[in-house]
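Per-chain residue numbering starts at 1, and chain names A, B, C and D are given in the order in which the chains are listed.
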Amino acid sequence: MLYFIEQCLNGVQLGMLLFLLAAGLTLVFGIMDLVNLAHGSLYMLGAYFAATFAVLTGSFVIALIGALLASLIAGMVLEVIAIRPLYRRDHLDHVLGTFGLILFFNELVRLVWGPEGRTLSLPPEMLTAVQILPGVYYPIYRLVIILATLAVAAGLYVVVMRTRLGMLIRAGASNREMVGALGINIKLLYTLVFGLGAALAAFAGVMQAPILTVQIGMGENILILAFVVIIIGGIGSIRGAFVAALIVGLIDTVGRAFLPDLLRHVLSTNAAQTLGPSLSSMSIYMLMAAILVFRPEGLFPAASR
Amino acid sequence: MIRLGVLATTALVLAASPALAEQKTIKIGFISTFSGPTAAIGNDMRNAFELGLDHLGRKLGGLPVEVIYEDDTQKPDVGVQKTQKLIESDHVDFIAGYIWSNVLLASLKPLVDSKTITVVTNAGASAFAGERCSPYVFSTSWQNDQTPEAMGMYMNQKGVKSVFLIGPNYAAGRDMLAGLKITYKGQVLGEEYTRWPDQLDFSTELSKARASGAESIFVFYPGGAGVQFITQYVQSGLKGQIPLYQGFTIDELSIPRLKDMALGIPGTQEWVNDLPNEANKKFVADYIAKYKLRPSYYGAQTYDAVSLLNSAVLAVNGDLSNKEGMRKAMEKADFKSVRGNFKFGNNHIPIQNFYLQDVVKQGDDYVLKTVATIVENDQDRFHDRCPMKLGE
Amino acid sequence: MTASLDPTLVARPSLAFTPRTAFTAALLVILALFPLYSLVTGNTFVLTLFTRVLILAIGAVSLNLIMGYGGMVSFGHAAYLGIGGYAVGILAKEGIGSGFVQWPVAVAASALYALVVGALSLRTRGVYFIMITLAFAQMIYYVAIGLDRYGGDDGLTIYKRSDFAGLIDLNNKTLFYYLCFAILLASIYLISRLVNSRFGLAIRGTRSNERRMRAIGFPTVRYKLAAFVIAGALCGLAGALLANHTNFISPALMHWTRSGDLIVMVVLGGLGSLFGPVIGAVTFLLLQEGLSRFTEYPDLILGPILLLVAIYVHGGIGGLLEGRRGG
Amino acid sequence: MCTAASAVCLKGGVVASALLQTERLTRRFGGVVAADRIALDIAPNEVHAVIGPNGAGKTTLIGLLSGEIAPQEGSIRFDGADITRLPVYRRSQLGLARSFQITSLFRDFTALDNVALAVQAHCGHSFRFWRDARYEDELRKPAFAALERVGLKERAAVRVDKLSHGEHRQLEIAMALATGPRLLLLDEPMAGMGPEESARMVRMLRELKGNVTILLIEHDMEAVFALADRLTVLVYGRIIASGEPEAIRADAAVRQAYLGEKESAGEGKRHG
C-alpha cells in the first residue's frame, strides 16, 4: 500500500511536468490553432539557459528565474519572427515549419553549448529524502517539483479565470473570430500567449533538469506525451490539460511499476521484462486513441470545433 | 534557391567519391558516439586513439595513417549506415571503435561480409563473443558478462545476502544483469529493465528496489544515464540505506559531475588508471598532459587498439592485402597493453584480470583507485560457442 | 477515348516544357544513371545511399496519395515502413526466406493494419486525425520495442535478403537499385491512373468538399478508407524493400520523427503532384547528406529552409519551379 | 387549401400521392425550437415554397429533409418509404437533391467536373480504379447536358473559383439537376444575386417546372410568387399557414409575422 502511494507520487510528479509543457501547448493550439512541434525545443532551451545561469551565478533559484525570463523573451521573439507567418497556413505547413524549427534548435544548441549536454546540480540540502508518511520516504526535490508546479497551476488558473488577459485567452480558445471582432490587438495577444507558453515549457525543462538531463533532443519524446495530454484533455482547455497530465503520468508510472510483475505470470521473465515497459508506454496511446474515437473533443472540450 | 541547393549537393555527392585508394596511406574508419549525452565517451576514445597514433609517430608499421571518425549517434540503424559508408565509400582498411553492443550487432554483418579487419574497443555483446564471432573481428575490451561476473564474486566475498538489479533494456543491459546472476550466490529479489536510451527517470525502479527489501542494488548505466541514476539514487535517500554496486556506471568521465555522490560505490573493471605497468603510466601521464582530463577505460581499450593494429601491419610489413597474415599476428596479442599483457581467446576476446575499483577524494580531486584483484585471466563464458580456433 | 466531347472540356495533363517538367525529367535521368556512375568510380556507397532515397520516395509517394489527393494528413505513416520491414525480418528469422512469401505478407499486414487504423481514425477530422494516426503509430513502435524474440529495441539483423528463386538476386546492388527504381516508377504510374479514375475523383472531391460529396450521394468514408488502405499497402512494400536494403530493422524505423520526415518530403516536393514526393525525398535526403559534407551543422541550414518553404511556398519545390508563391 | 390543423386529415387521403411527407418533425437546439412539429406534404411535380422571417428555421428544415440534421421527433417519408434515419448520401441516391444557401462547390475543379461528380455519384459505386473518368461519356454527356439546361455550357471548362457568384448559383442547380432528382431542395437559390441574375434564375426554374418537384426556400417574394404552386409559411419553426399563393397573401397571421420581422430578425441572429 505504502509502496503504491510512493509510485503514485512518482506518477503525479511526472504528470506535473507534463502539465507545464501541455499548458502552453494547449493554449497555443487552442488560441492560434497552431500545431507547434517546436514546443519541446523551448523546453530544451529553458533547461540550457538555466544550466548556464547556474554556472554563472551559482544559484539554482536565480538560474530558474533567469531561464524563465530568457525563455519568455526567446518565445516572443520566435513568435514574431518565425511563428506569426505560419498562422495563415494550414496544419500541414505548421508541421513542416515547426519540424524545421526542431532541427534548427537542436543544431543551434549543439553549436552554442556543445554536444555533450549539461548538468544542473542542486543545492546539497535538496539531495535527500523526507519521510512523508510512516515508511514512505520521498526525495525532497521531487516534492518541490510537485508543489512548485501546483503553485504555477494555481497561478495560471487565477490568470485565466480572473484577469482580462485570461478572459481574452478563454474567449480566444473557444472562438477565435470573436476575439478578433472585439477589436483586441490580436497580434499582441498571440505573442504574449506564445511567450507564456514558452516560459511554462522552460519551467518544466528547468525543474526536471537536476534529476533527468539537459541534452539535445530532450524535448522530443516528452513533446509527443504533451500532445497526448492536450488531446485527451481537450484542445484549448487548461483544466483538461491538468487532469489529462495527471492521468498520463499515473498510467505511465504505475504501468511501469506493476505491469512487468503481472506479465511475469503469463510470460517468460525475459519477455515480460522487455514487454512490460513498452506495454505501459503503449497504454497511454491506447487511451488517447480511445478518447479520439469515442470522445473526439477530449475530456474537457474548450471549443466547439 | 532550393533547386540550386539540390544540384549543388548532388554535385557534392558525386565529387566526394575517391577512385579506389591506392595503398600509400592506411585508412582507418572509427565509429563511436560524438553527439548527445554520451558524446563524452566518444571524445575519450578519439583522444586515446589520437594519442596512440602520436606515440607511433602517426604511422602504423611505417605507413602514414588517415582516420575517418563517424558518429553513430548511439543508434543501431545509424551505426549500420555509417559502417556501410566507411566500407563502401571510404574503402577503409580497418575499422575500430563501437561503444554500444546493439550498434555493434547491427553493424556486424557488413563488417563480416566485407572481411574488414575490425577492432572493437568497447562493445562486448554475448552473441558477438559466441556464435557470431568472426576471424577478422577482434576486441580490446571484454565480453559484457565478465565485468559484472567479477562484481558478483566480490559481493559473495562481502557476504551480501540479496540484491536488486537495475539496467537498461538493450543488448548490453541484459548481458550485464545476466552476468551478475551467473556468479552471485545470494538472492536476486528483483530485476528491472528501463527503456533505453530515452528513459532517464528511475524513480519507479528505485521505489521498487526499496520496496523489495533487498540488501543491495546492482546497476549498469553507461554514460550520462549513469550520472542521472546515481543522482536520483542519492536524492531518494537510498545511499545511506541500501548500498549500491555498479558496473560501467561510475568512471573518470562521470566522477567530475558526481563528486561526493560517487564516494563509496564500488565497481569492477579490467583497467584502472593506476595500474602499475610502464605502458599504462606513459599512457595516463601523456593523456592528462595533452587533454587536461583523466582517461577512462574506454580510452585505454581504444589506445590498445592502435598498438594491436600496429602489430598487424608490422607483421605483414605493410602488405594490407594479406589479411590472413594480419589476423594470425593479431591473435598473438603481441604488444604492450596498458592493462598488462593478455592473451586472446579463440573468439578474439581478451583473457584478462578484473579489479575492484573505488572512488577516493584527493584534495578537491576525485579519482578511481584499484583496491584489489577480483579474478585473474578470466575468459568469457561464451567462447566455446565460437567455432574458431587460434592460429588456424 | 471519346471524340464526342469538346476536348477543351477535360484538363489534359500539360506536357509543356515547364521548369518543373524539365527538372523532373533531369532528376529521373540522373537517378537512372547512378549505377553507371558508381560503377565507374567504384563508389558503391552512392548507390547504397540512392537506393535508400528511392525506397523512401516510394513511401512518400504512398503518403501523397492520402495526404495530397485525399486530404488525410497521416502522422503515422512510418508505421507501415516498420510493419513491412518486420514482416520480412520476422519471417527471415523464422526461416522463411522466400520473397514470394515475405513481400506479400509485408503488403498484406500493412494493408490490414491500415484497414483497422483507418476504420477507427476516419471518424475524426483535421488535427484530431493527425493525432490519432500518430497514436497508432506510437503503439506499433512500442510493440516492436516489446518484441523480445526479435531484438526489441536493439533491432534485428537480416542475414539473407529475400530470395526470389533465382528470378532476381537482391544481393546484386545494381539490380536491387533498378528494382527499387522500377517499383517507384510503377507506383507513380499506378497513382497517376488512380487519381483520375472514378475512385480518384471521389477522394479528390472529398478532399475539396466532403459535405457536398455526401449531399450529392457519395458514401465518402468508404472511399477514404480504401485510399488509406492502398497507401498503407504500398508503404508496406517500401518497408520490405528497406529491410532488404539495410539488412537490419529496428523500432527506430517507426519513430514519430520518421513519419515527420515522410510528411516533410511530400510537402517539400509539392502536395498532390505526381512526382512531388520524389523531388521532395531526393531534396530532403540529399540536403541532409550533402549539407553535412560542407558544414558541421547542417540542420542549422536545413531547418530554416523547411520553415521558409512552409511559410512562402505553395505546392513545395514543384510549386516553386512553377513560380507559385504563398500568400 | 390545407392548414396546419387539417394536415392531420391528409394522413388518410393524399399520402399516397404525396412525394414527400413529414409528420411532427421536431428539432431543438438547446432551448430554441428550430423545427416544431412540422407537418409538410409535397405533391409530385409541384413547386412548393417555404417562406418565413430570418431564424424561422427554414435552413434547419432543409437540413432535416436532406439528412444533415437528425430530428428529435417525427418522421420523414419519401415516396412512401420512411427515410427519417437514412444518412445524407442514401437520401441523395433516392433522388433527394439539394442546393446550398452558401455556395458549396468543388472550387479546384472545373464546372463540368463538378457536375460530372454529381452524375458519377448516381451511376453505381466508384470503386473503379483504372479508367480515366474524365473521358467517360457516361459521366460527361449528362453533366454537359445539365450545364446546358442552366445556361453554363460555355463556361464548362472554367475552374469554379474563376466563376462569378451568379454562375455559382446556376452551377449549384446544375449539380442538383444532373443527378436526375425526384425532389429538388433549393435553399435560397437567389441569395446575393443582382436583379437580372435572379430574373434569369427564375426563368430557368420556370422551365424546370412540371418536370421535377421543387421545394424552394427563398426570401425574394417576387420570385416565390412567380414560381410557387403552394406556399408554406414558417415562423419560429412552426407552420403558421400553408396553401395557394393568393390565400397566403391574404392571410393575416402571415402579415403579422412579416410586420414583426424586425425583432424576429434579432432572434434569428442568435439561433438562425
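Operating definition for what follows: contacts are C-beta pairs under 8 Å (C-beta built on N, C-alpha and C of every residue); 3 or more make two chains touch, one makes a residue touch a chain.
All of these numbers come straight from a predicted model, not from anything done at the bench.
Counting hops only between chains that touch, chain A reaches chain B in a minimum of 1.
Shared contact partners of chain B and chain D are C.
Farthest chain from chain C (centres taken as the mean of C-alpha atoms): D. Chain D has its Cα centroid 50 Å from the Cα centroid of chain A. Centre-to-centre separation between chain C and chain D, using Cα means, comes to 43 Å.
A separation of 38 Å divides the Cα centre of chain B from that of chain C. Centre-to-centre spacing of chain A and chain C amounts to 32 Å, using the average Cα coordinate of each chain. Contacts with at least two other chains are made by no residue of chain D. Multi-chain contact residues of chain A, defined as those touching 2 or more other chains: 110, 270, 273-274, 277-278, 281. Each of the following residues of chain C touches two or more other chains: 145, 152, 305, 309.
Chain pairs that touch, as defined above: A-B, A-C, B-C, C-D.
Residue ranges on chain C touching chain A, taken from their complex, read 67, 73, 75, 120-121, 123-128, 130-132, 134-136, 138-139, 142-143, 145-149, 152, 256-257, 260, 263-264, 267-268, 271, 297-300, 302-307, 309-312, 326-327. By the touch criterion stated above, chain D contacts chain C in their complex at residues 66, 68, 87-89, 92-93, 97-98, 100, 104-110, 112-113, 116-118, 120-122, 126-137, 139-141, 144, 156-157, 175, 179.
By the touch rule above, chain A contacts chain B in their complex via residues 3, 6-7, 10, 13-14, 110, 114-117, 119, 121-122, 126-129, 137-142, 210-213, 215-217, 221, 253, 256-257, 260, 269-270, 273-274, 276-278, 281.
Of all the residues in chain A, the ones that touch chain C in their complex are 29, 35, 37, 82, 85-86, 88-89, 91-97, 99-108, 110-111, 220, 224, 227-228, 231, 235, 270-271, 273-275, 277-279, 281-282, 285-286, 288-289, 292-293, 296. For chain C in complex with chain D, the residues that touch the partner chain are 1-2, 4-6, 8-11, 193-194, 196-202, 204-205, 208-209, 211-220, 223, 226.
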